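Two complexes, one shared chain (chain A), two partners (chain B, chain C).
After this line comes the complex of A and B, so read on.
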């Protein structure tokens, strides 16, 4: 060291006091900006729905007429009943699919766990409307693969499966939503100590008895939580019901809402009709939290303890068979027929060399300008959404985490609120709030990106907040006490440390945004169509080869982007060697 | 003039006073520890000195200039202090060298000067050979040295340490205690050290401020603090002790089961007083030793015993009283439970407490 304690130059160099006052002002301004953005994105559309539902379309005067119109006829009431039937059916089936597989993977020695997990993940990322298209090819009346197989095997004159029915719809939605049940139950089971089961065994209970009397009851809250999410997913879904229920000539709430947007658009009635969906969702989420948060099931929240797998003996093959059956219904069968159709001249002619073609792809990619436009739109909008959502969420998470401003919890609440707003309700809110003048955003890219940003804000916020929490505030304080301001701390330490988790969060928003249909369908204009909307339009034309090809393109590109992203960013930059 | 002065410093969180009218003056180059149990307000005090928390009342002055007061505070980056954090907060995205150079670069020193100072500092903490490593490639103790180097290299006005050793294992902790003491002796930086570990505080500090419930109970050098604790809390927190109540009637102080002449006791006593008597300030023996006028001897009975290897722990009762005293004895002084013995008390080691 050089010499004694001759003080080094002071960083910066301004007056002593008064800086803190200068600091208060910008933080207040920041708060106001953030709250204004959140009001615009979250609060205003929801409030707009409430207000619109009580307004006369032309005059804006207070009225109950919209509610009378919306619920005044049997057909529309029937849609509500159908939605509930769909939701209950899906929840039940998703439970039957998800719980046994979760148990088998968490507790038993079932073989091929890795493969089953992968398939469940596959079912999770498959957009439900692609699953629905696959199932139309599989179980369309008479022409579907399963029906043809049945007819060939039995010599019957017509098939036995009809996807265009309520049971068909329930199966199609359930196979894409059972992963919710799986995830909940699997993670809860992973927390149950084997000692719980050992305690029952030592008292003389067999495996079966222990499973049904001890293990499963311990995870009942998780099962109910998963079922509630499946129910909510099912009643809020637009794509799969539209593809299946409309040809089957029945409505659910989401398709009925869409009907209100047929010319002449009746936003006020749609608003009135969508409110029960919002209320049910909010109540169910509250219920789910109440159930999961119950303290009585201390074993689930306690520490893991040692865990043993249950030996199933020969039954493990039966268990694998069941898991395989579910995975086949969810992913293997529908995706196989979808890919077959994508590469076929005529999908009904089956797998043969002379039926193979790339024509569907070349047509979409090089001839049909609409498809090119839709593909570009999808990725531009999704990318913009991911940047906007992460940027906003990060700013809010930072302000909340560091307690920079008063009432920061209000910011966090608004950020998470879209989680309980069904996409379709959100879209109607955006339409009601921003389609008319003065903003007149209908048909612009802006309204789609804004709606997407709101929709995925909770994902972005959760991911950003988790990333920030993983970095100790002391990392930043160490910069400040050495003489660096908050901005230096953010630039030199926080940003480099967050880079990886931010890239991950970006993908978490980007990937679902590329497949978003429920909100897009209400907000697209002629020049802002995205792949999901175009898929839906193509389905009305009945050209399943081109439709499947477009679906395949969507699937391949998003899976590739996710894979590349995780490969590039997944490397742990912190341990790179300097030697 | 003191380097750093806390004047009636208080911090309230809602109804709770985390720090309650703390007064402390620290001389230039002095090493002062804030010692106390968790929740006593020591870390809040330190973070107020650093500028991360604003006081609710009172002020903090450095070299006679107000740094913090309820009217406004200088932000941490303008205080010319540095700090060692509990988690070390060594930045994982920078090499050891970049970590240490950070503060110097902020001060816009020339590249050559930065390199020289960083090199010298790394030599001092014996980390030069690891200058190119990333923190993830270092052990906990090495990260701690980087944190020390990073804090000291800027030659801060005041160095703050927030429980810097609590995440290290026992052996390393002992090594780092002496390392911190060595660095302080080399650079003589005014230092405030927060810890809940009394051994840490006693090894490193010129003075120790014992805190409890947001208040400073006593500030003294380690030896005085141990031998002459002023409050019940300090006596109990620093080492083990017996609390013995007595009544002074002028010439003698009467205890439960024995009495002492007042003149043997250091300090002013009158009326009812409580004394702190350390277990190791008393001596057990089989027979009365002759000529112990200055050291009263009391007949006692052994009630409990425990062998702790380095010494015996006995609980004894003076005959004819309900008093219980903890006494330690060397390993070979073996007494059976129920055995009678003589207890010799050194009145100079009895500290009257408030």
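After this line comes the complex of A and C, so read on.
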């Protein structure tokens, strides 16, 4: 998998492959190698899903029976509807959370911007299932902190929030996915110059009118992009729905897919059932193009222009209040209760000295036979994934950007394709394609790292391509004119220039990899367990104290690594290098 | 040796707490080679060559399972135990995935759904091994599989737990059918038969006693449905729900730590769960698995389970005075065949009735 850079390092295609293709251009060999890697990582698992959805489990003969089975049951159909409802709800709410905050930070004089930014980053690194546990502790209908507060304050017999419901699930997922909207919209707004706003102002429009009629319409593509990502993340999510939807008595597609893996394992039916997710995703992107494609958004040119801060007056405190409200829902409240639980003997007993203990941590680190290994695995796999994905993406972005090979767009397309494959579907594809012999990767670290690499390839590619675009080919050409080879040019010119942006891209892959559950759940073995899967297993028992402690360990290590990253590359890597 | 253990319980009761159980007190035999039987020595030597063991278990809560694993590592230094605790159906799901992928990861499988073993034996996926200790367990746990492919290595009861701050003992339900009374609307906590083998066996038993109408009526009471049966303990502790169909061991262990919990042994019978273990065919660490099988049926392992309010496998290990064991109350249990056929059926029925 580290093949990305290695293959790039051998454009001549030495060795057997090289001799066999000696009649081809060297760049052709490189193209073939890259295509082969991408076919292995992306195309083959997906094709495998499509094919097996039409196969009889035992004989492999063609059949429609899997579809009949998968959709011949009202409960399973209902799961599809529920998923769509969840996705729409999350996208809408994430937009309501993300857009105003992005606007306030980018364009206004709202105070405490640094703090809000930090909180948004906090929401970005919080795994949705951990947020879900926090919200179970906050809004369990009878036992949640918020409900207890409400009952104590009003004397009511029961609470007012019920996390075990569709609205509950929507809120829980939305507060962890609004950072996508924020990042998209914020970076787009940063590029819109004030000229058009000025024009509107001159023509008599107030701040509000200008914002809604001029500023926001200019960043519609970014808003739609963010909403679509939120929608897609929500419908593909497994952990949070498993924690919340089951007690709430409904299924979504991902929890239903999990059921197909019960005995007897029905991969074929699961494949058939996962098709709507794929179709919905493709439709979404088609929709995005249809909406955006017809209009011009040339104002976002990326070129200069003056940007003025909008003065909100007293309203800036209202804006801060709203931002604080969102941050409280996303980070402050759930993190407070999770920390309380992590250090509590019994979380239900509340904050008191005799309820404080380090026992949950010592249990995990010294008595639990799996936790240590899972912690190491998580960060090793995530690190390896980040290197592999960035290496491959960079090689491809380079080839595409410098137009070294024909049909380079096909490479770019394959790189971006995993974007439209929900993680849980991808995992099923990997399981079907690579778990059994001949590759027999089940239970190995390799299958996890490969699946993660595929999963995060689009992020890596987008970030790498953006980095490369900013560097003109002229400097490399200078090296080559002076007699240096392409490798020298890459090593001496490109690599140093790209260092910072690569570190940013690395973090953008690394952080989501540390929290990845949906694609890990079907691929882990007992010795390749990662924190997310362990959290999921522990959550069955409802042992929230130990769960929270493990979640805290995950977040502390992630934040430490991210903080080192910030030092290396400057503060807002998230905003600058994200799509 | 038993005397030694008894004093350990006294320490525990004296408030030294669970920590003592976890690490401090685990030095009962120090695996001196002199005390080992010939078979044990032979297995240990071979197991040490293998170096490790992967154990999927649904028999206990995570802490008990991990203590058992750590105790084994102390008794037999040089063998590392990976303890993966999940519910029975999730453990079986992972094993099924491994079988389908042709890459067996697990060595020893301990689920709480005895039907799994009937199936695995039938498909020739279990390795035959008759532990020496199989002859030394209590009569009622002997000979579940005369052919020697699987053995009962733990047992426990499903009864009714309740939160003592929210419910007085006099108001508590007395038998299972009380749970369908409208009085318990929004107050009952359950696990899920699609995950937990304990819950699956309990549902099969209830269906046998009262028909599926019992669950139709129970559904009208809007019970909270988790996954593992152990989850009901959390729900009671948190005050989320008031009454559970819950595991005796985990509930009582939690009560002993000071949580406001108590147990009702229903007059129509607590459901006794006998949970087997079996070695999978073609595993990477067969000798370690055999040694672990012996260990699970040993007095040492029974002691840990008894200390955490589980049932003993061995006649010479008895629970502390005052602890209610299966022999002290009325218990009921379905036959192996009823479980084997029944659990897959009730999972389907459950999903139709409860929607998940």
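We take it that the second predicted complex is superposed on the first by the 438 of 579 C-alpha atoms of A that agree within 3 Å, B and C clash if a C-alpha of one lies under 4 Å from a C-alpha of the other, contacts with A are read in each partner's own complex, and residues count from 1 in each chain.
Keep in mind that, in the parts below, contacts are C-beta pairs under 8 Å (C-beta built on N, C-alpha and C of every residue); 3 or more make two chains touch, one makes a residue touch a chain.
Remember, predicted model here, so these are calculated numbers, not experimental data.
Peer 1: Thinking of the overlay built on chain A, is A:483 touched by chain B (first), by chain C (second), by both, or by neither?
Peer 2: A:483 contacts chain B only, not chain C.
Peer 1: Give one of first, second, both or neither to describe whether A:263 is in contact with chain B, with chain C, with both, or with none.
Peer 2: In the superposed model, A:263 contacts chain C only, not chain B.
Peer 1: So in the superposed three-chain picture, is A:529 touching just chain B, just chain C, both, or none of them (first/second/both/neither)?
Peer 2: The second partner, chain C, only.
Peer 1: Classify the contacts of A:440 with the two partner chains as first (chain B alone), second (chain C alone), both, or neither.
Peer 2: After superposition on chain A, A:440 lies in contact with chain C alone.
Peer 1: Touching A:363, do we find chain B (first), chain C (second), both, or neither?
Peer 2: A:363 contacts chain C only, not chain B.
Peer 1: Once the structures are superposed on A, label A:276 by its partner contacts, choosing first (chain B), second (chain C), both or neither.
Peer 2: neither
Peer 1: Considering each complex separately, which residues of chain A are in contact with chain B in the first and with chain C in the second?
Peer 2: Correct list for chain A: none, the interfaces share no residue.
Peer 1: Of all residues in chain A, which touch chain C in the complex?
Peer 2: 75, 140-143, 164, 245-247, 249-251, 259, 261-265, 267, 345-348, 359, 363, 366-370, 373, 431, 435-437, 440, 442-443, 522, 525-527, 529, 537-544, 546
Peer 1: What residues on chain C touch chain A, complex-wise?
Peer 2: Counting only chain C, the residues touching chain A are 19, 22-23, 54, 56, 61-63, 66-67, 69-70, 80-87, 89-90, 92-93, 96-98, 100-103, 105-106, 192, 194-195, 224-228, 230-231, 233-235, 237-241, 257-259, 351-352, 354-356.
Peer 1: Flag every residue of chain B that touches chain A in the complex, lowest number first.
Peer 2: Its residues touching chain A are 50-52, 54, 65-67, 71-83, 85-87, 89-93, 95, 102-104, 106-109, 116-117, 120-121, 124, 132-137, 150-151, 154-155, 157, 160, 186-189.
Peer 1: Show me the residue ranges of chain A that touch chain B in the complex, using the header's touch definition.
Peer 2: 1-2, 5-12, 14, 16-21, 23, 472, 474-475, 477-485, 488, 492-493, 496-497, 573-579
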